[in-house]
Amino acid sequence: MKPFIEVKNLTKFFPVKALFFTKGWVRAVDNVSFTIFKGETFGLVGESGCGKTTLGRLLIRLIEPTSGTVYFDGVNIYSLKGKDLREFRKRAQIVFQDPYSSLNPRMVVFDIIAEAIEATHAKIPINIEDHIVSLLEQVGLSKEHLYRYPHEFSGGQRQRIAIARALAVNPEFIVLDEPTSALDVSVQAQILNLLKDLQKKYGFTYLFISHDLAVVKYMSHRIAVMYLGKIVELARSEELFERPLHPYTQILLSAIPIPDPKIVRTRKRLKPKGEPPSPINPPTGCRFHPRCPYAMTKCRVSEPPLVEIERDHYVACWKYVKG
Amino acid sequence: MKENKVLLKIEDLKVYFNTYAGVVKAVDGVDLSIFHGESFALVGETGCGKSTVARAILRLVPPPGRIVSGRIIFDGIDLMKLPEDKLREIRGSMIAYICQDPTSALDPLFTCGYQIAETIVSHNSIKWNDAWNKSLKLLLHVAIPEAKKRLRNFPHELSGGMKQRVVISMSISNNPKLLIADEPTTALDVTIQAQIMDLIKSLKDKYNMTLLLITHNLGLVAEYCDRVAVMYLGKIVEVADVYELFERPLHPYTQGLLRAVPNPLKKVERLYPIAGMIPSPINLPPGCRFHPRCPYVMDRCKVSEPPLVEIGQGHYVACWKYVKGEVHEAIH
Amino acid sequence: MSRLRMLPSSKLNSRKISELNLMFKVLMRSPTGIIGLILTISFIMIGIIGPYVAPYDPILIDFSKMDKLRLLPPSLDHPFGTDEFGRDIFSRVLSGARVSLLAAIVVLSISIPIGLALGLIAGYYGGIIDEVIMRITDIFLAFPGLVLAIAFSAAFKPGIWSAILAVSLVWWPSYVRVVRAQVLQVREALFVEAARALGLSPVKIMIKHILPNVITPVIVLATLDFGSVIIVTSSLSFIGLGAQPPTPEWGRLVADGRAYFPEKWWYVFFPGLAIFLTSLGWNLLGDSLRDVLDPKYRRRLEFKERREEK
């Protein structure tokens, strides 16, 4: 598979303001580097405050980075302007988490999708209405939904509209930011299947962000685990679940709910020490060290780099670095 | 540990909501028995009525909802017949309730210590100072770090997990017999969720409480509960022992739910969603409510509602597939 | 957007028309709303055609008949009586409506666009822009409206236009506040982020996405303000800073009638009644509009009608 998106030393700090001066910085994304291959689903997991949402938005330039670059098909997206930037927007889209606020309540479905086409100057077909209807049909809706307002739809249907909006510009890369977290289990399965089918049909590359590890595993080829703005482990999905190396990943995996009483009641729960830290003043050295059961002196002092321990399996942990 | 004595018995509970769009039969004839000392899960998706059942037990259903009929017998007392002041004595002391969002359960204007002490004082004749000390002890029981400091903190100064611990400490403050936890961890991160559920379990064991867990998360059910009831559109469709339910789900809806949830330990090629959508609660399908989405639908299902019958030991299903011939009575 | 709009606009319009229809029906169900609507429509009509249907000339004084006609009580000939110059007060009140109408329209036409623009910009961009705009707004808001209006008015040459200008200067800050508060909420909505993900420019986002979602409280406030502006301009005229004689502005009339109160009560009473009924009408209408514009009520009505159809 060829590299499609290359993230290099991407950093985003948010200032914490008290009145007029800056009290501190939230290190939402801190010097993150990785590659996404064309046609794959790259999963991004972590708990609240880990930076995955920010990273997703950085990748489609919804927010500007503090430093670092993202190469999209060889081009640095942060240097794009005007027409080139519009071209990029056609190729990279996003589907948001909350179907209840991601659609303008004052616009009917037709307008919402037509706007996407018009804004990115995508090719305007002769018969716009038929074109939009065919988009809706791709996501499981129909012509009768064209002139309805968002509040007339259920959560699952709204999410389908949001997906149709992303499809309307013919993208190659779609960031899926917790697309099913707000939906019921049965609806979630429908939407996930839809996303998979669309990927098979159009060859999309996905960045799948979620806090639900089971869903991420189902959808993704590779998964990156984030903690406090850094990637702590990156591996193929199967590999990550079978042999989690980073202590945080191990703790995370031992905590996820598993719908099988025989297994889940006999598994060993690994408990992290203490409370989740604040992203404003992260701990020195390895960010996880205050809660890590294996913390050594080195961990308090310096940050471990993300290194390839085994083939395609990267970890950022001193436990695995010799010398 | 399981005694066969029934602590809470719900008989034919009906809770209807009069909305502008029509009457929503949120809970439409629910029968349930919860035994002393067990962990009972009430599972279902949004709109199935599980939260309404929980609120109905304490008669806390907000208008335009009202309890139309049914008996709720708690430790021998019919809660539906109790006058309001007697019911208030039970709320917060014998039956405790933890809700989903700890932020809205705590008053932002008062310190945590104050709120816990207030719970204690309103149910016991005890001096404020003693209540305050007891609050400290409770916070220690729920393993809140720096408990003394937390007493004086306001809710907004605490994280989600800590707030939920405070709420839990309030709920156990009067040694309740029944703890109703309504989606207690939905708003929390995975690792915190595990901590909170472990805490609830350990408190339950320590104080010999009975737990009614309301959730949509099948993984939590598998890990923490002894028996499970599955609800769909206001009715109970299946009740079973937890191992039995996951191994031999009988009702097509339960089967559908289990197939639609990705199991992280298995290689799942495809999820099998349940066909169709949850219908509007105002225009309920005739007969069995699940029939429009059921892969095994028969003619009988479109016409009459199946009763909840005992198929195996302690395993109840409401499905015509398992009923041969006529049904004389619904056993419970 | 125009090139994409051409085809299906008819279907979209029929949707919008049915929504307006529902809005009207919701209004009709509120008794105060109906009263408000009647009063305001009457006021607007009188404002437009008043001077043409007035039975007597509101300004001209017939010196020859003055002695016989001055300060007559209400009668069939003169329903509101006559003033000290023998002029028919009814005609003067009818003509005065136009002045008040004009004043309110001008003041709001100046304040609302300024308020919207500044509120949108302040709310959307935040930061230093927001601070600057809001502090300037705060300075204006720190003074009671009437006092500030008096101050401005006194600085200009006395006259109705000075009063209108003064009131406009005082009026725009409250709109900035209201709009900004709404913008702050809407700005966080995901559909705004989605618009940014499409690469829409900030101006386009403000106009297309944020504005339609913040306009509702502005409409309600504007309706309520109609009445308030009339009272303020009348008050300015009352103390002599607004309309000058012979302009038959209502506040002016009340001021003139004071000298003859309480024996010739009709002089003060009828212009005062006009002020009262007009601002009451706008108030009631504005109040009902709040419900009309809330989609919940329309849905409620929609469902009720559907059920009755069955």
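We call the chains A, B and C, going by the order they appear; numbering starts again at 1 in every chain.
As a convention for this text, a residue touches a chain if its C-beta (ideal position, glycine included) is under 8 Å from a C-beta of that chain, and two chains touch if they have at least 3 such contacts.
In this text, all values refer to a predicted model and were calculated from it rather than measured experimentally.
Number of steps on the shortest path from chain A to chain B, with steps defined by chain touch: 1. Counting C-beta pairs in contact across A-C and across B-C gives the higher total for A-C. For the pair chain A and chain B, the distance between mean C-alpha positions equals 32 Å.
Per-chain CA centroids place chain A at a distance of 49 Å from chain C. One finds 53 Å separating the Cα centroids of chain B and chain C.
For chain B, no residue reaches two or more other chains under the stated contact definition. Chain contacts: chain C has no residue touching two or more partner chains.
Multi-chain contact residues of chain A (touching two or more other chains) are absent. Chain A contributes residues 47-48, 154, 156-157, 184-190, 192-193, 196, 211, 213-215, 217-218, 238, 241, 251-265, 269, 271-272, 274-276 to its touches with chain B in the complex.
Only residues 299-300, 303-304, 307 of chain C touch chain B when the two sit together in their complex. Chain B meets chain A in the complex at residues 45-46, 145, 159, 161-162, 189-195, 198, 216-223, 242-243, 246, 256-258, 260-265, 267-268, 270-274, 277-278. In the complex of the two chains, the chain C residues touching chain A come out as 1, 3-4, 7-8, 11-12, 15, 189-191, 193-200, 208-209, 212-213, 295. Within the complex formed with chain C, the residues of chain A that make contact are 60, 62, 85-86, 89, 93-94, 96-98, 101-106, 108, 110-111, 114-120, 124, 127-129, 146-147, 151, 162, 165, 169.
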